[in-house]
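Look at the two complexes coming up: subunit A is in both, with subunit B in one and subunit C in the other.
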Partner chain A sequence: MRAGTIHRQTLIRTFKKSAMAYTFIAIPLLSSIIFLIIPMLVSFYWSLTDYNGLQPAKFIGFQNYNQLFTNDKYFLISLRNTTLLVLMGMSVGPTLGMITAILLNQKIRFQSLFRTAYYLPVMTSLVVVSTIWVMLYNQNGLFNTLLNGLGINSVGWLSNPKIALVSVAIASIWQGFGFETVVFLAALQSISRELYEAAMMDGANGIQQFFHITLPSLRPVIAFIYIYGIIGSYQIFDQVFVMTHGGPIFSTSTIVFFLYSKFQDLRLGYASAIAYVLFAILVVFSYIALKMEKD
Partner chain B sequence: MYQKKNLHKPFQFSVKRFWLYLILIVTSITMVIPFYWAVSTSLKFEQFVFTNPPQWFPTPATLQNYVSVFTKVNFDKYFFNSVFVTVTITLGHVFFDTLAAYAFAKLKFPGRDKIFFFLLFGLMIPFQVNLIPLYRIMATLGWNDSYLALIIPNLTSIFGIFLMRQFLLTIPNDLLDAGRIDGCGEFGVFWRVVAPLALPGIATLIILTFMGAWNDFLWPRIVLNSESLFTLPVGLAQLQARNTSNVAQIMAGTVLAALPMIIVFLFMQRQFIEGMTAGAIKE
Partner chain C sequence: MRTKNVVFGILLILSVVLSACGGGTTANGTQPTVSQSDEKVTITVWDYYGEATPIKPLIEGFQKENPNITINYETPDWDTTLEKLNVVLTSGTPPDVVTVDMTWIPKFAALDAFADLNKLSGGKLNGVDWKDAYTEGALESITYQDKIVAALYDFDVYALYYRADLLEQKDLAVPTTWAELKDVSKKLVEGDKYKYQWLAETFHGSQWIYENGGDLLSPDNKTVTFNSPEAVEAIQFYADLMTDQSAIYWGLDQGERIQGIKDGRIAMFSDGPYNMGIMKSAAPEMAGQWRIALHPYSKEPGSYLGGTGLVIPAQSKKQEAAWKFIEYGMRVDNQIGVYTYAGAAPALTAAMQSPEVNGPDAYFGGQKVFDVFLEAMKTAKHFPYVRQWNDIDVIFTTAMEEISLGQATVKEALDEAAAKTTEALNN
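Up next is the complex of A and B:
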């Protein structure tokens, strides 16, 4: 009798505790299901349909995907532009971040002042940064007047289809590399001083120290920077929207910008297929990230 | 030994240090010039915006552009919308994310790890994939073109839960048990014991959420039609798109949109840096 009561009490207590825990997670869980998981599944179904939001979706199998890769020049251009932006960004940004972090990691005055300068654009909105660069890139803007002062002809930064993509990349690198500076700096500061002292005793010079201590210690951070940099850059949209609107003649259209324009045209099935192509690209890089983290 | 002594001498003059400072100063100036140029342009009369040679100091200077973004463009409304939406979203995250993180980190209940794993899967889904169905859901609910579409889907985030869970795991269980013995319920333990200890983590969460919401562009751009509901990035992008002639006025808007983040950053620099590096560097 007594044992039974105790048992029932613990049962009620566990239930109460669990009920409490379920209440605590209820809203985030519901929110994730309604606004994340269901849309994701619906989006995949729509990517297999012809759907404009007004008439019911018509199932057409993989035709959207087929058309994207075999019959849509502008999608392939957008895919190529995005990949070029990722390549340009990733070949310059992290290196700049690493160099500035190493410079900042010396014994210097005003360290936090310099760090703030590099970091300032990172937390500024991309729309703000882009409107500023539109002004700088203007035909009569600061860059061209400075070039003219040096006796160089004006450049059509955003109006020349051969240059516009590079201009977008430059602005994006300027905006983003401060993040890498700050992350690398924090990582550098966490490397034990003793390692360097031991290396100095062994007579290793600065360059040897860099390749045998600094780089190996930073390996996980470097992997993080590149993977998340690539994933982030593949989603580039704001800069393109503000600076060029994809132009001139599609020379700066990116995957997400192309998706956005198809969404505006109410080609919802087609736009969903574009979203899933992007998803697939990001999954590949996330998989690589997971693999590298396990090593 | 000899080298070490030298390092501590103030203002040691060497060629190496000269180059070090030169590079740092030149690159820092490169970073600041676009901002400086935006501020300087915002104080110019329109006819002096593009001059050759460039006018580094606005002469004559004017505040007219700042007046006109409030009188001719509704920047006061954009400002209010941005503040209202961002603050509401941030409060939602602090409450819901931390509470859920507490359950995942410190409470035992059936299915806990499975649910958490399920949520982690959701972390991988890029926003663009949900965009169109989410827009249709908002349309069905009649929420498009209202604060609801901006706020409700963004009140919690899996990333926030994940971040806070990592943080709460470091709080010793003994403290929670002490709270329970003192007669606190689970919510009482959360509110009186966990939340105060989690404040540094919450600061990080606030900064990341605030920054994300304040700078968000794609989603507000898609769900908003009425100009009176525009947030600052949406309003600024529209001003830029339709008003290419009046650059000085655009720059006044730009400076106003950038200023709040920069002020918050300057006051909370340490938390910003810790927050931004939280994902990259494991202690």
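Up next is the complex of A and C:
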């Protein structure tokens, strides 16, 4: 009896001590449950129905998922396009970011100006950036004018289905590599100068220093850039929406753009299924990211 | 942290879907509470016309006549109206009167999202039978399974815009048949200039098919007909204009059409009356150079029929007041405002024929341009009202793009599109 009272008192004391903490976590916890967990679960249920928002939903099992993977050529094209955009973005963006960061890490004039200039596109609205690129890609735009000046025929940057996806990728890389530059720059500045001085004493040249000091030191940052870049790139939408609307011939349609078009068509069950496929892809990459962070 | 943001992003998409699904009431099942005429009500009106709107000027006069009805006037633009409409309809909180693009009607009508105006109006629009107020095609465009789902407010049908000055210089007559169009367009071209604009989408593709006696779907909307011999022949003719260098393919990177009009790349194109306003404001220096004629045809004139409709969502609880507002806007004198304020074509036949609307137009060399659009309207038809229309539109547009880029022959592209459409219709 006495022991029980003491135990209860300890509990009350512990709770009193942590009351403030519980109050603080209650707000995000509740908002997570209301705005994330419940919508997620209900949305998963919708993905198993033919729900259109206006009429009662009919349960159809995994028919939407089955349709997506076996009978919806446009979805598979959108999935392929998104993966290609991720591959193009990830093969160029981080490398470009690293090179720029290394250059900006040198003692050069107008260093701050360059740093701001490279980061500016990241802070600019994607819609604005995309609109500017549409003008550049225009039949009479800057790129074609330059090509014509060199005696080369105009290129259908956005109207040729073989090129349009690359055009979207170029615009996305240009918009995004400033972020990678800034992250690499911060990482570069955290590498101890002593390591380079020691290497120089040992007679290592610039290239040797890069491969034996810079690159190994940047390894965790490189992993971070790639994983988060992949996750971000899978959600590409704005550029496609503004620049091509998924065309021509579905050559630039992406998963999120496709999802959006189904939502616009009030096929909410089907759109939910697409959202869950994307969710599954992102979960895989997020899991890899978490594993790598732990390692 | 970024992982969480990304996960949050995707969850947000899911939650948007969810919140849109939150209403749970069926469009059919809702029993609207009809407001009594002496009861004070506020109705919400969505107007997508923008600055040059003919709707806003209606409010003052309407409220004078109906002091018990207050208008809550909102102006989502054309782009966002569809998105917002999807959300409010699915969450059960729609406005009472909405301006809708008639190409949105198939989906919403098939889902019974709009109230039956025939019932609300007692069969008459401002005392005139619906069938007498509109042309046959216009009435058909607002009718879905014996219900009138919208009041057509302005209409859109396609006619041929052409550079009269160039035709005159080269002593060419205005083309009235396909053969003449082929001949004239060939003679007009000078290098990369003065071409017929080639667009790869359903609006223009369907026009050529209609003009050759074809159609997109069978009258019962169950069979695909856009790969019939007449349709294939029509699209082939259209495609040949490009092969002959008489037409310019207007892809995504050509920019706005008005640019092509101004710099001389385009000397002929097919479009609706709304385009007149664009030309007058963006290319005033070209006044007098352009005219409008019925688009040349092979067997019969043809065009899609669209425009703007005024609708009342089925879930609106103030349908009687909403109808009063629509009926007020559809009075002939108010319909004239569609032209005077927005430069668009009023849908009521009486308004179209009024001297205020159909007077000589100085920009088009004093031509009475609406005579042409009224003529085109006689044979124009709306796109099929089937739930799968958006899918069909995408499939057909994709086929047109394949043809324009030489990725498939006309027959191959249309056959493949027809197979996909048949599958969509059967789903």
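The working rule: the second predicted complex is superposed on the first by the 266 of 295 C-alpha atoms of A that agree within 3 Å, B and C clash if a C-alpha of one lies under 4 Å from a C-alpha of the other, contacts with A are read in each partner's own complex, and residues count from 1 in each chain.
To be clear about the criterion, a residue touches a chain if its C-beta (ideal position, glycine included) is under 8 Å from a C-beta of that chain, and two chains touch if they have at least 3 such contacts.
On a predicted model such as this, the values are computed, not experimentally measured, just so you know.
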| item | value |
| --- | --- |
| Touched partner set for A:Trp46, first subunit B, second subunit C, both or neither | both |
| First (subunit B), second (subunit C), both or neither touched by A:Met20 | first |
| First, second, both or neither for A:Thr95, with subunit B first and subunit C second | neither |
| Superposed model, subunit A: greater residue contact from subunit B or subunit C | B |
| First (subunit B), second (subunit C), both or neither touched by A:Asp265 | second |
| Which superposed partner A:Pro248 touches (first subunit B, second subunit C, both, neither) | second |
| Touched partner set for A:Gly156, first subunit B, second subunit C, both or neither | second |
| First, second, both or neither for A:Asn66, with subunit B first and subunit C second | neither |
| First (subunit B), second (subunit C), both or neither touched by A:Gln9 | neither |
| First, second, both or neither for A:Leu29, with subunit B first and subunit C second | first |
| Doubly contacted subunit A residues - partners subunit C and subunit B | 35-36, 38-40, 42-43, 46, 53, 134, 138, 140-141, 228, 235, 245, 256, 259, 263, 268, 271-272, 275-276, 278-279, 282, 286 |
| Residue numbers on subunit A that touch subunit C, as the complex places them | 35-36, 38-40, 42-43, 46, 51-56, 71, 73-74, 134, 137-141, 156-161, 164, 228, 231-232, 235, 243-245, 247-250, 256, 259, 261, 263-266, 268, 271-272, 275-276, 278-279, 282, 286, 289-290 |
| Subunit B to subunit A touching residues, read off their complex | 7, 20-21, 23-24, 27-32, 34-35, 37-38, 41, 49-54, 96-97, 99-100, 102-104, 107-110, 112, 115, 119, 122, 124-137, 153, 155-156, 158, 161, 185-187, 190, 211, 214-215, 217-218, 221-222, 232-233, 236-237, 240-241, 247, 250-251, 253-254, 257-258, 261-262, 265-266, 269, 272-273, 276-277, 279-281 |
| Complex contacts: residues of subunit A adjacent to subunit B | 17-18, 20-22, 24-25, 27-29, 31-32, 34-40, 42-43, 46, 53, 100, 103-104, 106-108, 112-136, 138, 140-142, 145-146, 148-149, 174, 178-179, 182-183, 186-187, 190, 221, 224-225, 228, 235, 237-238, 241-242, 245, 256, 259-260, 263, 268, 271-272, 275-276, 278-279, 282-283, 286 |
| List of subunit C residues in touch with subunit A within their complex | 2-3, 6-11, 13-21, 23, 26-28, 82-83, 86, 89-90, 107, 111-113, 200, 249, 251-255, 263, 390-391, 394, 397-398, 401-402, 405, 407, 420, 423 |
